[in-house]
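Both complexes shown next keep subunit A, but they swap its partner, so subunit B is in the first and subunit C is in the second.
After this line comes the complex of A and B, so read on.
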């Protein structure tokens, strides 16, 4: 038992994520940089989450396509005040594409679906921001 | 109503499955024995009084064949059983209301939103409307794309309902103009205690 505790307390070696999980991380981080996006939502049973390098990223799912790309689903909580949901989604999509290009993951990026799961006031507690 | 039927269907399904499992278990255990002793399938039939039940059903069927009160009661009970079965089927098969409103489908991806997020946004927009004292919003998703916002805007006696309706529609434009959402606004005279928080 004590050895398990020691293992979990020790710093974990960095694990390289797969292109799928790295793309998920890049996309979530790009979306969360927007002021009107509060956090990602993992959902009931954490079905909308991806593990990258041993870390759980709530609110993003990457699914492989037959052509080798990955379709992304972002499950986000918007932060009030929100101007327009479609503009916000467009901006998030553009940012995700730009970040994917910057990190060399553009070739594996497929469609980006965005679902706004909730709207919260500024300062309200969220379910993990990834 | 549908929620109640769904819960009833689940309960009945669970109870029936438990009964089926118990019956299967009893049959399996009693089939280990052989002959016509207590620990055998004929013994199990005796234990649950199947011969008595057969006699009773036989008596019932012969009385149903004749005209009179038992026939009427049986017909009534059968009709009730059919209605109950139809209600349970409705509870089990009635499609759940979709909680996700699909707002946009494109090759780049879809844009969707939970009903709760849209109703909160709509309520926040309407609450800023002059003359509105409280608001209730329901979101009804369409089958394929978009949906309807049913907005109940409460107001004081000093407000004209038509003007309030126009102002509320205008307040909802950030949602309804760019997205496939239609708003139906119903002004209501506010009661004591209804205030925008």
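After this line comes the complex of A and C, so read on.
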């Protein structure tokens, strides 16, 4: 009997999936560790999302490039109070690179584009899945 | 009961956005950063509400619709949730500049010029600090005054 339970809220380690989807997961998790990032936003129609190991990751898109790398788009909701969004984006990029290196995905990491789609305050209603 | 300090038109606001057309989002060698208009509007709305003397944002219709949307949980915000933080805020955003129009209700007794100026300064400080955009103008429209007790439900005139 399997003891596996479905808990989409619990963070899962980067495993299974393709390099593209694993990279997407690693990048999103790295960005979400920043205090000023509230969540990822999948947008209408969930076009800003990637599936990894059967799980929908809202707010991240990984697209293949001809050189074998994957460009990433992170669509994020900032958490108020927030400082400079440009600096926050730079910190997110550094963290994504560090995590990609740590998980052996640095060789497939391309450019990391970051879009802040919304701002939310603590206690405000709303989910990040768009 | 409207005191309007708006001196320019929406066209002028649009010029700020048009001046920057043709430029992409700020690009670094590691990737681009884009900030949605909804973010600018929300930052401006939060900044305006931080100022003492501002009771709430939005015109009568916007506040009424916002209240209804909030009660029914309608999706009106960029994140798909009812949200009053950008109610009463209109923005024109270019790649480098932004213009903001605010409609607000001020508490009775406050100096409207002083509150308007404080709002203008705080909106500019917050938007420029957070988004890096240069704010070319903040137009403030005061469309109502708030009196304590205004939030009491009106008595029904008919049974």
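Observations
Convention: the second predicted complex is superposed on the first by the 110 of 130 C-alpha atoms of A that agree within 3 Å, B and C clash if a C-alpha of one lies under 4 Å from a C-alpha of the other, contacts with A are read in each partner's own complex, and residues count from 1 in each chain.
Assume contacts are C-beta pairs under 8 Å (C-beta built on N, C-alpha and C of every residue); 3 or more make two chains touch, one makes a residue touch a chain.
Predicted, not measured: the structure shown is a model, and the values here were computed from it.
Overlay on subunit A: subunit B and subunit C clash in the combined arrangement. Between subunit B and subunit C, the partner in contact with more residues of subunit A is C. Judged by the touch definition given at the top, the superposed model places A:85 against both subunit B and subunit C. Within the superposed three-chain model, A:116 lies in touch with subunit B and with subunit C [touch as defined at top]. Looking at subunit A, you'll find residues 71-72, 78, 80, 82-86, 89, 93, 111-119 touch subunit B in one structure and subunit C in the other.
For subunit C in complex with subunit A, the touching residues are 26, 28, 30-36, 38-39, 42-43, 46, 77-83, 85, 129-132.
Against subunit C, in their complex, subunit A makes its touches with residues 41, 44, 71-72, 77-78, 80, 82-86, 89-90, 93, 97, 111-121, 124-128, 130. Listing the residues of subunit B that touch subunit A in their complex gives 100, 103-104, 107-114, 116-117, 120-121, 124, 174-175, 178-179. Only residues 71-72, 78, 80-87, 89, 93, 111-119 of subunit A touch subunit B when the two sit together in their complex.
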